[in-house]
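Sharing a structure here in structure tokens format.
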Amino acid sequence: MKKIINTPEKFITEMLEGIYAAHPDLVKFAGGDLHCLVSTKKIPGKVGIATGGGSGHLPLFLGYVGEGMLDGCSIGDVFQSPSAEQMLAVTKEIDSGAGVLYIYGNYGGDILNFDMAAEMADFEENIHVESVVAGEDVASGAPVKPGAKNTRRGVAGIFFVYKCAGAAAAKMLPLDEVKRVAEKVCENVRTMGVALTPCTVPRVGHPSFELAEDEMEIGMGIHGEPGIRRGKLMPADAIVDEMLNKIIEDLPYQNGDEVAILVNGLGATPLEEQYVMFRRIHQVLSEKGINIFHTYIGEYATSMEMAGASISLLKVDDELKELLRFPADTPFFKQFKY
Amino acid sequence: MKKIINTPEKFITEMLEGIYAAHPDLVKFAGGDLHCLVSTKKIPGKVGIATGGGSGHLPLFLGYVGEGMLDGCSIGDVFQSPSAEQMLAVTKEIDSGAGVLYIYGNYGGDILNFDMAAEMADFEENIHVESVVAGEDVASGAPVKPGAKNTRRGVAGIFFVYKCAGAAAAKMLPLDEVKRVAEKVCENVRTMGVALTPCTVPRVGHPSFELAEDEMEIGMGIHGEPGIRRGKLMPADAIVDEMLNKIIEDLPYQNGDEVAILVNGLGATPLEEQYVMFRRIHQVLSEKGINIFHTYIGEYATSMEMAGASISLLKVDDELKELLRFPADTPFFKQFKY
Amino acid sequence: METLSVNKLKEMILYVADQIIESKPLLTELDSAIGDGDHGIGMEKGFLKVKEKISAMNPSENVYDVFTATGRALLMSMGGASGVMFGHFFAAGAKNAEPKTFLNPEDFIALMQKSLNTIKETGKANIGDKTMVDALEPAVQAMKMQGGTSFIDLFRSAESAAKEGAEKTKAYQAKYGRAIFLMERAIGHQDPGATSVWIIFRSLREFVEKFTEGKQAG
Amino acid sequence: METLSVNKLKEMILYVADQIIESKPLLTELDSAIGDGDHGIGMEKGFLKVKEKISAMNPSENVYDVFTATGRALLMSMGGASGVMFGHFFAAGAKNAEPKTFLNPEDFIALMQKSLNTIKETGKANIGDKTMVDALEPAVQAMKMQGGTSFIDLFRSAESAAKEGAEKTKAYQAKYGRAIFLMERAIGHQDPGATSVWIIFRSLREFVEKFTEGKQAG
């Protein structure tokens, strides 16, 4: 894969320099480290929301730092967890007395580092930190049992967690309430992806896996984690049917339910194709009597230049609908109240 | 290239069905033809702005129909001009007495069809239509001489024309003023692109051209039109320097000028790489004493899954700055007043 | 000297339309090789509209109304550069023409010459640019050489010139339309638009042959 | 029985840091084959931080403070799963340990056993999962077999067990970290994290050898 970069070593640093140069009014960095991105707007008494994760997924994660969404983000190298120190620096910067909520995806390195950061924030800085770990990829493990450990990966559905928790924090709700909202979204969101081509980590220089010219992999993760089925590329409607059925059965989403939908492009898949997918989603949900509250389509969580897409469904109630409607203004996601 | 579609023949129809299903509050179609997309909001006495063009460039063209931008768009098949009849249907639907401005890119088929539509709107429907044809790709022809025919292709820079003319119309300026604004933007905007990989028109089934694994083409058009130089892939900074110098010399943009910037991904190029490019743009402009008023980065005008990017510069004055700041709310582009 | 009535002309256009629609696979194949594969679809779409419009046309005493309606149907429905070009093929020559109840071969030559002029003016293509002009211009020349004696001779000469012209496009690099981007790789492939021009003249000749045979027989 | 003072321990850690930093190309090569190519960079970053922190450390009477500072420097600066794992390598065994002014071989064995436990608990990896555990667990076993007689014997046995363990990872498919995605294609490649463990024990052995020689000479 050809890339417009200078050197793999400087890729993320230079990307971040570009981010700060492009959005000086919206974001800045904390602790003298470009990897610790925080919003320029700090609201006294508001719960701070931090996320973090590896690079290569723009607009995830840092792109959602802004009004009505997140307050800070620690940024790792490509597909690599940032360090505990970086997450701690973000935490210190965004805390304004009401505590900080960490929202991030269910990945080993992230959990290890962010738990460490939370511990240090609590002990050394006296900042109350709570964590919500999103894991909603139905292709990556058995359905979550109450009380048991969630083994599922966090993918594009985390956008909904950011959106609702961000709105709750913007409404000046206290930490335990913001956390409750985030957990509620996690419980009600499910995602499934499909990959058509791999992507290349710049430093590695070759694709992380291979898919034949007529193949796809249903359920593949955003770092190329194995999915649930590799097979011949199928027509769009058949792909959607397979993904959507797995999602619908999982929660399950039922006749009369209302949902928000996120159709997410992984990088190289054109918007046109995402709309072809949405057409079918709309048909299937109509048939099943599942009502669509609102639809988001575009690139929300990518894998650099991977071709493919994911579908996320969030079951909404009046509370979540109100929070989804809340406006947001970040470098990558802007929404007027609707 | 693998695509998530059903059949090439139904690609655009199904994409449009997806669009109307996803955004029923924002857009609808006119004249019983899915290819004639108009805003659901019609403001009495406002100048209507219509665009049109081939598919395969989302969010261009239809994605900018909405508040503060465009009122309607006629949509052709992939890379194919829509018909005069379709543009006429859009025109009739969006006219609310103040006349209609056509803004579209400088392509043979589009000009032939839209001129025809304008003529019929004038003669048969008594709708006053004016046209502004954007052509700002510095790689596609000699600099425009006053009075002479512009041979340059219209590419991503048309976004700025939509933005400013759309704001002027939203401010209820009359047709001749909205047209003046559109022409002013055209005169002050310049674009240059680079392609790393081709794209495939679904019906054709094979890429429209080839680029070796270590090659790029500077100045290539968004349908694969030949550029100004094919050569070995260079580091990001060198690519930016070559493109930016051509742009800067062309207007020329000078020490003390203020500009808005659009870094546009052609489809498969990740946002991360666009920010690496912007980092260098920011450096070069700083060195030259050209001030950045505002930066837009992302996918604004694509070529399906083509890898590559374009850079557009718009020289702004107080009038254009005010119009750029104006809010906009469309399916693909949302902006709060800034 | 032969003439064609308004009704006969309508029949003739409907026959041409059917032939073009039947040629969709060939046109698709040609446009897939050097274009975007949609010329067959576009022509089908356009000539379906032509059939609809011509069948539903108000009674008229003017042969040029048939040409105008045909061209306009193409122009309004096809899209793309070719929609306008094939629109002009029929409609441009009829513009401002003195109304006539019967069309004679001389009228047809004049009409085609005018259409060719408009096509070249609008599209800027010349012989050798790998477009429909490569078939149309020789056809018009051939008709002028032939002179306005009979429709059958006129269409035969137009058909054979158009066919030859279309075949010659194989040797050309494109200067207009999508095939531009192929550069020298377009060489070896016949231009779809030029092929359509040949099919139109071939159909005209077939129609008149059948018509004449019918007359002789009846 | 030998002991190491706080200052000697600092020197030893600085020596290990230099050796890891020197091994960056090897670690990069290994991680590029089956991971994302950053293990060398990560370890370099971490051990540069270790050097900074250890050099600037407040005077201490407790050897465990040196381990804690080392582990913490890695953990805070490296990122990724390996940052936490190598952090635990040094710091976990020192947690809640009774302060001592001198470290003896028995103390070191106990410390490493505790660290190994934490690493396995946190990371969930076992022998055969193609991780640093494949080098560390046999090294700890070997040290326990060897017993706390002298540092030189201790480190020699640890080094050779770690080396063997790291080499064995070539035969394994990965169950943790990035190499998972490679499935059976990871086979044939040595795990970078396990290799780092080997380099650490090798460096410990080298340092003590030099130190002992130095003593003999001096």
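First chain written, first letter: the chains are A, B, C and D, and each begins at residue 1.
Operating definition for what follows: contacts are C-beta pairs under 8 Å (C-beta built on N, C-alpha and C of every residue); 3 or more make two chains touch, one makes a residue touch a chain.
Just so we're on the same page, UniProt names per chain: A, B = phosphoenolpyruvate--glycerone phosphotransferase; C, D = Dihydroxyacetone kinase, phosphoprotein-dependent, L subunit.
Being a predicted model, the structure only gives us computed values, none of them experimental.
Of all chains, the one whose Cα centroid sits at the greatest distance from that of chain A is C.
Chain B and chain D have Cα centroids lying 56 Å from one another.
Averaged C-alpha coordinates put the centre of chain C at 82 Å from the centre of chain D. Centroids of chain A and chain B (each the mean of its C-alpha atoms) stand 29 Å apart.
Chain A and chain D have Cα centroids separated by 34 Å.
For chain C, the set of residues touching two or more other chains is empty. Within chain A, not a single residue touches two or more of the remaining chains.
Applying the touch definition to every pair of chains gives A-B, A-D, B-C. Those residues of chain D lying in contact with chain A across their complex are 32, 35-38, 41-42, 75-85, 122-123, 176-178, 180-183. Interface residues of chain B, counted against chain C in their complex, comprise 8-9, 76-86, 88, 108-109, 112-113, 116, 201, 203-205, 208-209, 223-226. Only residues 1-7, 11-12, 14-19, 21-23, 25, 55-56, 58-59, 63, 194, 196-197, 213-214, 216, 233, 235-237, 239, 267-279, 282, 295, 297-299, 302, 304-305, 307, 309, 329, 332, 334-336, 338 of chain A touch chain B when the two sit together in their complex.
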